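By letter and in written order, the chains are A, B, C and D; residue numbering begins at 1 in each of them.
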Amino acid sequence: MKLYEHQAKQVFSKHGIRVPQGKVAHSPAEVAEIAEKLPGDEVVLKSQVLVGGRGKAGGIAIVKKSEAAEKSKDLFGMEIKGLKVEKLLVEEKLDIQKEMYVGMTLDRENKGIVLLASSVGGMDIEEIAAKHPDKIGRKTVNPVWGLWDYQVRELLYDAGIPKEYFRDVFGIVKRLYSIFVRYEAELTEINPLVVTPTGVYAADGRLNIDDNALYRQKEVAEFKEYAGSELEKEAESKGINYVKLEGNIGVIANGAGMSMATMDLIYLEGGKPANFLDIGGGASADLVKASIDLITRDPSVKVIFVNIFGGITRCDVVAEGLVKAFSEIEMQLPVVLRLAGTNEEEGRRIIEEYMEKNPNKLVLVKTMEEGAKKAVELGGG
Amino acid sequence: MAIIADENTKAVVQGITGYQGSFHTERMLKFGTKIVAGVTPGKAGEKVHGVPVFNTVREAVEETKANASVIFVPPAFAADAVFEAIEGGIKVVVCITEGIPVHDELKMYWKAKQNDVILIGPNCPGVMSPGKSHLGIMPADIFKQGNVGIVSRSGTLTYQIAYNISNLGLGQSTVVGIGGDRIIGSDFIDILKMYEKDDQTEIIVLVGEIGGTDEENAAEFIASEISKPVVGYIAGITAPPGKRMGHAGAIIEGGKGTAESKIKALENADVKVGKTPMEVAEIVKSLLK
Amino acid sequence: MKLYEHQAKQVFSKHGIRVPQGKVAHSPAEVAEIAEKLPGDEVVLKSQVLVGGRGKAGGIAIVKKSEAAEKSKDLFGMEIKGLKVEKLLVEEKLDIQKEMYVGMTLDRENKGIVLLASSVGGMDIEEIAAKHPDKIGRKTVNPVWGLWDYQVRELLYDAGIPKEYFRDVFGIVKRLYSIFVRYEAELTEINPLVVTPTGVYAADGRLNIDDNALYRQKEVAEFKEYAGSELEKEAESKGINYVKLEGNIGVIANGAGMSMATMDLIYLEGGKPANFLDIGGGASADLVKASIDLITRDPSVKVIFVNIFGGITRCDVVAEGLVKAFSEIEMQLPVVLRLAGTNEEEGRRIIEEYMEKNPNKLVLVKTMEEGAKKAVELGGG
Amino acid sequence: MAIIADENTKAVVQGITGYQGSFHTERMLKFGTKIVAGVTPGKAGEKVHGVPVFNTVREAVEETKANASVIFVPPAFAADAVFEAIEGGIKVVVCITEGIPVHDELKMYWKAKQNDVILIGPNCPGVMSPGKSHLGIMPADIFKQGNVGIVSRSGTLTYQIAYNISNLGLGQSTVVGIGGDRIIGSDFIDILKMYEKDDQTEIIVLVGEIGGTDEENAAEFIASEISKPVVGYIAGITAPPGKRMGHAGAIIEGGKGTAESKIKALENADVKVGKTPMEVAEIVKSLLK
C-alpha cells in the first residue's frame, strides 16, 4: 500500500522528521484558505497522485499566494499517468540551499533492508546511481540485529554528506529506519532531503507499507484508499488481483505465474489480453463468480479464457462459481475453460452437467495452449 | 534418492486442525506421506484423520521423531510456527501459508539459516518426491516418478509443467515450489545445489517469473557449478512494467528483473528456455534421449 | 535499582497487567482516607520496603476498613531487616481463588533471559523449585531473537497452568517480558499471580532495573530513592560502592575483587572489616577524599586500611586525594596505606612528602598481606 | 606463543581521542604494542601520539590491516563500538569500558559469538602478553615474560597476583582479565581452552570471585579437559550474602555462587586454591619446580 506524500509526511513529522508546513486541499477555495496561513509570499501546490514523475508532468507549481487558487484550477482534474488529481498538498515554499537523498527498501538478495543516501538529491535516484555511483552510500542492515549507529555513520561517510549536516541527516536516517520497521514498510524515501537556513527538511516523502502487514498496522491502514480505474478499485476491495490491460481477451487464472503464462500464451497466439486477473490460491465459488462479473463489465472484452490448474484451488469449487456466475449474470460472451489438477473430474462433471441443460457459449479445452488458441480465435484476434 | 523429502521423511503438520491443514493432511496421507503428528496449541489428545495432535512441536518431535514440518497456520502466526519448528528440532520446514508480512519473512529466513534448517516457502505449494513423500498441497495425480528435478517460483505453473512432463511419459525426481514471495527460505541456487548432488535427478527444470534477480543469479551459478542440463521457463514476458501482478514477488522493480533479462541470462548459461509450458516438456524429453 | 512494590505495580498496570486497586500512604490519616475509597469491607496494608520476607516479619496486615488507620500505626516505623517502614501500600482485598507465579531474570550462564512460571505461587519460589521442580516451567529466551509465542506456550504447558487461565497468563507473560526488555530490567516477577472471580491479577510485584541503564530509562530513573543506612545513602549518591559491616577496620580499595580480597585478608589475620568500600576504576582525588570522609564518620571504625593497586586507577591521584582528605578532615584515626601499580613511585613520593611535614598516623606498607596484619594490629583486633 | 595478543597483533584503539583512550594508547605504545590506528567518528586525519585517526573501523582496517581492537568509548556507545569492530573485520575485541547496560552486553556477546570473534570484557583490564603485546590498561611494569597463564574476573586482583608471581622470579605467558560483569564476552572456559593449547603456558592461575557459577563450570571443565596444573583464588569468602558488592557481577544470587561452593568445586577438580594472593604465587612457584 502506497501512502500519499501528505500521509507519509504526517508519519515522518510524528516521528520527529521535520517537514514543510502545509495541508491538503480538495478545492481551489481550500487552497486559498490554506495558502493564506502559510509563511512567505509564495506557496507550493503539489498534486497528490501515487505515481512518480509528477513534476515533469506539470503536477507541481510554485505560485504567489494570491494566485494559488487560480493556478490550482489547472491542477485539479489533471490526469497524471492515468490518475486523476483530486487532492493538492499546499505547502510553504522552503528556502532550499542544498538537496540530498535518503531512502530504504527491502533487499531481496541479501534478505535485509538496504539503506541509500546521497549528498545529491532532487533528481531521479536511479539516474544519480547510474551517473554518479560514487555519490551514493549503500548499506544493508540485517533485520535481526537492526540498525546500529556505526552503520549510519558508514552510510553517510560513503554518501559524502557534508560535516555541517552530518548530525541532522544521521538523526533523520535513524528515525526513518525506525519508521520503516515500526510501520512494516517496503520502501520509504525522502527525495529531496533539503537544507534550509532553519534546518534539514523532508521536502517530499514516500512510504509504502507491506499489504500483508496492514492487519496489524492499524494506524496507516486507515489511510487505505482504493486507487486506479473503477474496475480495479472494485477488484481490490473484493480481494481480486486485477489489472486492466489493452486487449480484448479476458483472462482468469489461478496464481500469478499461471496468469502471466496465460497472457504470454495469448500473445504468442497473436491475441491481446484485456486484463490480468489472479484468483489466488484456494478461491471460493463466490470469488470466481465475482471475477466473471468484473470481466463481463469491461466493454472491450470479447471472450473470456478461464485457465485453472488446481492445487490448493479446487476445480469443483471453481466450476461451482462459474455455474453460479453463468446462472445469475446475463452472459453474452463466449468462455473458454481449462480445468486441471485438484478435483478435476468433479469440476468437469459439474460443468458438463450445466452445459447439458444450458446452451452457453462455453468451450471446455484440455490444455492451456489449446485454450489460448481457441480464445484468440473467438476473440477475433 | 530425491531431494528434501523422501521415504525417511516423517512429517508433523502445524495447524492440522484448521480447514486447510486437515484437508491437505488427508491428501498427503492418501499419497503415502508419513504424517506422524499434528500440532495445534490447546488440542493435544485429539486426532485428525488418525494423526495424533500435540500442543507443541517439541512434544510432537519427542514422541514421534518427526524430522519435517508442513505449516498451514494463518499468516499472523506463521513466523512463530516456523520458529517453533526450528527450535523443536525439525530440519525441513515447508511453509504453505500465503500472506505473511515480509518483515516476518526476513526473520524466518535468518532463523532457518542460522540453524541450518531447510525452509521452503512461504507461500509455496511444497515439495513432491513422487512415489516417496509429498509435503504440501500439490495435486498428486499429475506426478510420476522419474528423473526430472523441477524447481519453481510459481505454484500452478509448476503443476502445469510437471503434468506436461508426465504426459510425455517422463517423471520427476522431486518437484520443489520455492514460493513467490520476495523473501523466501530457499532460492533457486539452494535447490540447484541439491539436484546437482542427487543421483536420481538427470535434468533440471527451472521455472521463474519476472521480479527480483533470483533467476539471473541462478543463471550465473548454473554456468559455473551445475553439470546437469537445465531447461528454463520464465513467465511474464508480456507483463506491463511497473504494474502490480498479483503477489508482490512479481513487481518489476526499477527496470531490473524483466523476463527478457532473465531469459537472456539463462540462455547465456546454456539453459534452453521454452516459450510455453508444453515446449518446456518437449525440450526436456529431447534432452533426455 | 529495585523498585518498590507500588512502583512496580504502577509500571505493570501501565502496560496492561491488572493490579489491585490501591494507593501509597505515608501516615495513618492517609491510610484511612485511601481505605475508605476502596471496594469491600477489608483492605490490605503492605509495608513498602526493599527486602523479601515482609509477610513473615509481620509487615503485611489484612484489616477491616474501620481499623486500618489504627493498625497502620503498628506498621509505620516498624523495622524489617534493618529498613524502616515509611510507606504503606493500601489495597483492596482480592477474592483469591488460586495463586500462581511468573518471573524472569538474567540468565548469566546461557546469556539470555530466563522465564519462570508455576501453577503454584505465594510461597518462596526457591522453595517450590526445590520441593516441586516439576511444577516450575523454565525457558531461556535469546535476547537477540526476543520472545516468541511458542516459547510462552511451552513455558505455560511445562508449568501446568490450567487451561482456564492459560490465555490470561499467556498475555501477562508477554507483557511482563516486554516490560523486562523495555525498562532494561535485571529481574521482574509477580508472586503471587492470583486468580479471582474477575480475572487474573498481579497481587505483588518486583521490578529491578539495571543501574547501568538508568541514564536512558528516564521513566523509572525518577523513582530513584537512596536506600539503606545514612552513610550508605550518602555513598550511593556520591557514586561510591559502600556497604556497612560489623567490624572496626575501615577498608578502602579499588575494584570489587581487591576490596573483597582485602576483607578476606583482614579476617584471616583475625580482624573484622567495618565496611566494604570500592572506589572503582580511575577514581578521582575528590572521590578518594569523600571515601575517607565517609569512613571517618562511622564511629565503630578504629583504623583505616587503604589498599590500592593501580591500573586504570592512578596511585598519584589516590595519593593526592588522601593528602587532601588529611589536610581538610580532622583525622584522629591511624591509616595503613598500600600503593602499587600505575604511577606508584609518584604516589609514594606525594605521600612521603606530606608525611615529612605532617605527623599523621600513617603507615606506608609494601604488601597487602602486611597491610592487613598492620591494620588488625592497630585496630586492636 | 602466548594467547589472544602477541607479536602479530596490530591494534586499533576505538575512542582514541578521549581522555582514557589517549592516556592508555600512550602507555600501550610505550610498552611496545603495535597500535596502528585510532577511531573516533568525525576526527579522521588527526593523530594521537603519532597514531592516525579514522572515522570508522572499516576504514582503519582497510588502511592498516589491524586485527585487534581496544575499546575506550563511553558506556552508552560501547555496544555500537563492539558491533562496528566485529563487522569491520576485527578478530580480537577488548572492551575496557565499565558501566555498559547489561541488555547491551547480551547483544555484544551474541554478536561476537556468531562472528567467531574473541570478545574480552567488557569492564575488564584487557590482555597482557609480557614482551609481546598489551591490549588494555594493565600496569605493564609488574609483569615479566614467563610461562604462567593467568585468567581473572577481577582487575586489581589480577595485578596483585601477577606482581607476586613476578616478585618470585617467575613470569607470565599471558594475563587475561575477563571482566567482572554478569555478561561477558569470554568466560573462564574459553580462556582455559586457549592456555591448554598454548606451548608457552605451563601452569594456569584462575582468579574468581563470588557470584554466578562460572567458577563451578570452569572446575568441571578443568577436571575433564585441562592437563596443565591450575592454581585458584576466590575473593569474597567473608562477603555477606545478598549484599551488593561493588559491581553487579558480585551479587550472590539465590545462595548459589558462594566462595565456599567455588573453592570446593575447584578443589574437587584438583585445583590448589590459595588463601591469599601471596599464597597463590607461592603455590605456583612450588608447582613449577
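Miscellaneous remarks
Note that in this section a residue touches a chain if its C-beta (ideal position, glycine included) is under 8 Å from a C-beta of that chain, and two chains touch if they have at least 3 such contacts.
Every value quoted in this text rests on a predicted model; they were computed, and no experiment measured them.
Set against the Cα centre of chain B, the chain with the most distant centre is C. A count of C-beta contacts for the chain pairs A-B and A-D puts A-B on top. Averaging C-alpha coordinates per chain places the centre of chain A 27 Å away from that of chain B. Measuring from the averaged C-alpha position of chain A to that of chain D gives a distance of 55 Å. Remark: chain B and chain D have CA centroids separated by 49 Å (rounded to whole angstrom). Within chain A, contacts with two or more other chains are made by residues 144-145.
Listed for chain B are residues 107, each touching two or more other chains. If you sketch which chains touch which, the pattern fits none of the simple shapes: not an open path, not a single ring, not a star, and not all-to-all. Each chain pair that touches appears in this list: A-B, A-C, A-D, B-C, C-D.
Of all the residues in chain A, the ones that touch chain B in their complex are 106, 108-109, 111-113, 126, 142-144, 181, 184, 186, 210-213, 215-216, 241, 243, 245, 253-261, 263-268, 273, 276, 278, 280-282, 309-313, 340-342, 344, 367-369. Taken together, the chain A residues at the contact with chain D in this complex read 145, 148-151, 153-154, 157, 163, 166. Those residues of chain A whose C-beta lies close enough to touch chain C in the complex are 144-145. Residues of chain B that touch chain A in their complex: 20, 24, 75-76, 96, 98-103, 106-107, 109-110, 125, 137-139, 142, 152-157, 159-160, 163, 180, 182-183, 207, 209-210, 212-214, 217, 233, 235-240, 243-250, 254-255, 275-278. Within the complex formed with chain C, the chain B residues making contact are 41-42, 55-59, 77, 80-81, 83-84, 87, 107, 111.
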